[in-house]
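Given below, in the form of structure tokens, are the structures.
Shared between the two complexes below is chain A, which pairs with chain B and chain C, respectively.
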Partner chain A sequence: MEEFHSGDEVSFSPDEASNVVKECIEGIIGGVDYSQNKVNQWTASIVEHTLTQLVKQGKPFKYIVNCAVMQKSGAGLHTANSCYWDTTTDGSCTVRWENRTMYCVVSVFAVAIAL
Partner chain B sequence: MHLVPGHSRTPSFPLDGIKCVLESFFIMANQPLPLSQETLAQFNRSMSTEPGASGPPRRRLGSISTRRSSKDQSKDQPHHRPLFLRSMTLPSSESSFLSPTVSNSHISMGKRFSFAGWHQGGRVSFSGLYLQQPIQEVYVENTYRMGPEPGCRFNASRTQQILQATLDSYLEGVCYSPDSCSQLCQMLADLVLSKLKDVNPPRYKVVCQVVVGQSGKQGIRVSSRSLMNPNTDNYTSAVFHNHSLFAVALVHGLYFE
Partner chain C sequence: MGETPTSNFVLIIKHDTENIECQQRNITENSAIYSPSRFWACFLRCKMQRLGASKIVQIDFMPKEQVTYSKETQTPVASDQPEGKELFYLYLIINMDIQLNSGFTHETNLEEENAQEAEEGKKNHNQPRELTNEEKEQIIHSEDFLFFFDQSIRVMERVLAEDTDIFFDYSGRDMEDKEGDMQAGSNLSFNRHFYDEHWSKHRVVTSLDWSPQYPELLVASYNTNEDAPHEPDGVVLVWNMKYKKTTPEYIFHCQSSVMSVGFAQFHPNLVIGGTYSGQIALWDNRSHRRTPVQRTPLSATAHTHPVYCVNVVGTQNANNLITVSTDGKMCSWSLDMLSQPQESMELIYNKSKPVAVTCMAFPASDVNNYVVGSEEGTVYTASRHGSKAGIGEMFDGHQGPVTGISCHNAVGPVDFSHLFTTSSFDWTVKLWSTKHNKPLYSFEDNADYVYDVMWSPVHPALFATVDGNGRLDLWNLNNYTEVPSASVTVEGGCALNRVRWASGGREVAVGDSEGRVWIYDVGEQLAVSHTDDWSKFARTLMEIRANRGDGEEEGALELPA
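Take a look at the complex of A and B:
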């Protein structure tokens, strides 16, 4: 399997991805309050929409989209990630969003595939 | 190799399957050079040009760790920046293509470089720091492999056991504390990654994420979706909670040609 060093190697653009993510979050949980019944479908739609938008960009990446929605009650939340990959082509981006009643943390990881 | 005191050496990355690139000596002024991360960030900032991915691609299997906590929104670190930094250490026995004509090329770029000294054929950056030897490109032969070998897939159940065992052993009896938990979270992610690197089959990239939170009366939901090849790739997760904290760990294994 020959690899073409065409010089056209795409690397992940975290800014673009973070814009996509922010729009998706706003669209789904923009003006609502935390609700135990609905949070399940919120997280599912956030990850699904984000993933479809990212795929529409047509770049040669595998994506992992992770979303955590937590009710605001004074408790603390930490996330960390560690990745073993090719640092020149792969990347990640994390977006934190909040409103009056909840926090939402979305992480996107993009892993390049060889064409 | 002489380094300015106060700058930490970058860790050396595993060399299996790495393609190194021969760096041309007629380098553009805005191309990132192999320096330690702090000096390179400084260099890039002072250049005030985008450190793009120009030039021949350099493939590195390296670890990148990040940390995010819900409270510190004000400190938005430029978290994607380290991806453009290609800091490498090399054995000093690599031959160097240093030639006297390099000084002309630098000046022609519009920047004046001061060549403070040439110890062991080392190059000097504009700030007077010694640079490391250029990276030699290593061409790897074709393996004509289309997928992972039969016994070499990402083993989800074994990974899950390792993940669960790590979480249980590490977080047994730990109490949540806002100051220390962000470091705990990061340490856990790195620890899981190092354990997985040992059992990982070759040609697999690993993404590991850990969420740690205080156990209160709040509700939380963590969900994940990914676009990957179901024949070769997989993921696992593990959850731990005690009276004061909870932790969720997610690991994805992705096959790479």
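Take a look at the complex of A and C:
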């Protein structure tokens, strides 16, 4: 039999995903200060962990995870995104996180796999 | 015929009796006979119709505001010929004036010859070179001239407005005709009023303060003039009691209505205003600008709600500006740096919602503990530092928003600094002690919202109240506690919004809702305190407390003998 449930319309739950993302971020850059030589590792691990956690949920989605870490230096940053998809089943969630020295924005997009 | 094969796909099977066997084989090998592309195409086509655009997700990180401020100090400049320059400017003014009026024709009674010689002689010696119009324009617009002109017009205005009686006879012979002692008889007499046609018309007086350094200076703040949308929303005027001129000493304005104003106690040149937008504005009378020289930022670290209370507390070397806004935020600022508060605190009672503060007062010589009145009618004590920082006790008693609060601040043999009075929309004024949660006494002589109350700075049992009927009342608790000892209704009957005693305790300033500030003189018998007033008040207090023991606030109180 298939791994996925057939016939159910599963829709994306942004709250669940946002919790997953927050835990990942806390776990990786929770209490540390911005460091130029480590930030690459951080973004890579955040993206990786988030993705594995989401896939582990076993839902029939394709995921796109994007992570941006910006040092707090007094500059402003503005981003926006929009998608054209099936609004009933697909969804996205964006999590903003900050500490004393940096900002972190993680966006997760989930596109339902059609059966 | 054969078993139904288990397969993962929905199949469209072509029955072909000739080829069944091969078909079965084909099927078990999982090679489909359906055409996949056509299947997916029609499936997708159904799905396409349900696609739509999602909401736009935006993330913003605001840049940090760069704040720069600079302080200048200047050593005193020793100027060589100040008089010379001023004389020159005066000559210039006179010169131009004469030119306009009559030219240089000089008519004398001397014989023509002598006249001519004299004229020529005079012209040669006295008449300096005539300046061209451009040179005159240049001088008139120069910094020096403007400064001189600004200083001189103030002096001229004061002189022209004086109308002292030069025939006054100090021996008192003239006074015999007049009725007795007019001055001493009236307890509350009108002195003067301040009103500016341009700047204070149609504006409500929102706050008043007397200068601690120059007792004749009074600052008044005004809110928006709805009839003049192009004028600045907030106006602050400094009035001078000493001279009879009717124009303000200084005019300041800012873009948002000023709700509270005060002279900075330890900085004689600064005026601080709290505005409707939550910004604190600072004006300096040394600069020529009418707009604030410093302003606090409009940010969540400062205030975002109207600031109704500003107060400078502390000592000469260690002072802070305390401001409280109606969202319960208390901020403490240093006057040198208004770009961010030194400390800020949310005033929350009992861990529930923040207190909507409408008025605040510090008891005399206390920099840590203060009392605040709120929109809900409750009064709270609060402290700035310490283990109990934030809201302390709650005092319940008023049935309407508290409009004014005043701590007892007359200094004398007995300490009454635990007393404070509050005024409210519920038509009453209540007397409290910080030691009891319920009011000690309720004054119910008013027939309208009571807008403000203030203790006299010199008399222990005297305080003033103003209400919406235009009434100014002086209550002397050593005389009567049920009715005011002196009362006057202001001309015009406009609602009076603010009352402030002058620091000597002999004058009272009231601001009304039409932009007028009225100054009343308080008669000696009422205003000046005698040494036994203190002990008398202590006895009055004891009686009040004794009668209050029943819990009835409206009961008749025995008048002290």
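By our rule, the second predicted complex is superposed on the first by the 108 of 115 C-alpha atoms of A that agree within 3 Å, B and C clash if a C-alpha of one lies under 4 Å from a C-alpha of the other, contacts with A are read in each partner's own complex, and residues count from 1 in each chain.
We adopt the following convention: contacts are C-beta pairs under 8 Å (C-beta built on N, C-alpha and C of every residue); 3 or more make two chains touch, one makes a residue touch a chain.
Bear in mind the structure is a predicted one, so any value in this text is a computation, not a measurement.
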Which superposed partner A:H78 touches (first chain B, second chain C, both, neither): both
More chain A residues in contact - chain B or chain C: B
First (chain B), second (chain C), both or neither touched by A:C67: first
Which of chain B and chain C A:S107 touches, first, second, both or neither: both
First, second, both or neither for A:P14, with chain B first and chain C second: first
Touching both chain C and chain B, counted on chain A across the two superposed complexes: 2, 70, 73-88, 90-92, 94, 96, 103, 105, 107, 114
Chain A - residues contacting chain C, complex: 2, 70, 73-88, 90-92, 94, 96, 103, 105, 107, 114
Touching residues on chain A, where the partner in the complex is chain B: 1-2, 5, 7, 9, 11-12, 14-15, 34, 36, 39-40, 42-44, 46-48, 51, 54-55, 62-94, 96, 98, 103, 105, 107, 109, 111-114
Residues of chain B that touch chain A when the two form their complex: 53, 56-71, 73, 79-80, 82-83, 86, 142-146, 176, 178, 181-182, 184-186, 188-190, 192-193, 196-197, 200, 205-229, 233, 235, 250, 252, 254, 256-257
Chain C to chain A touching residues, read off their complex: 8, 43-44, 47, 50-64, 66
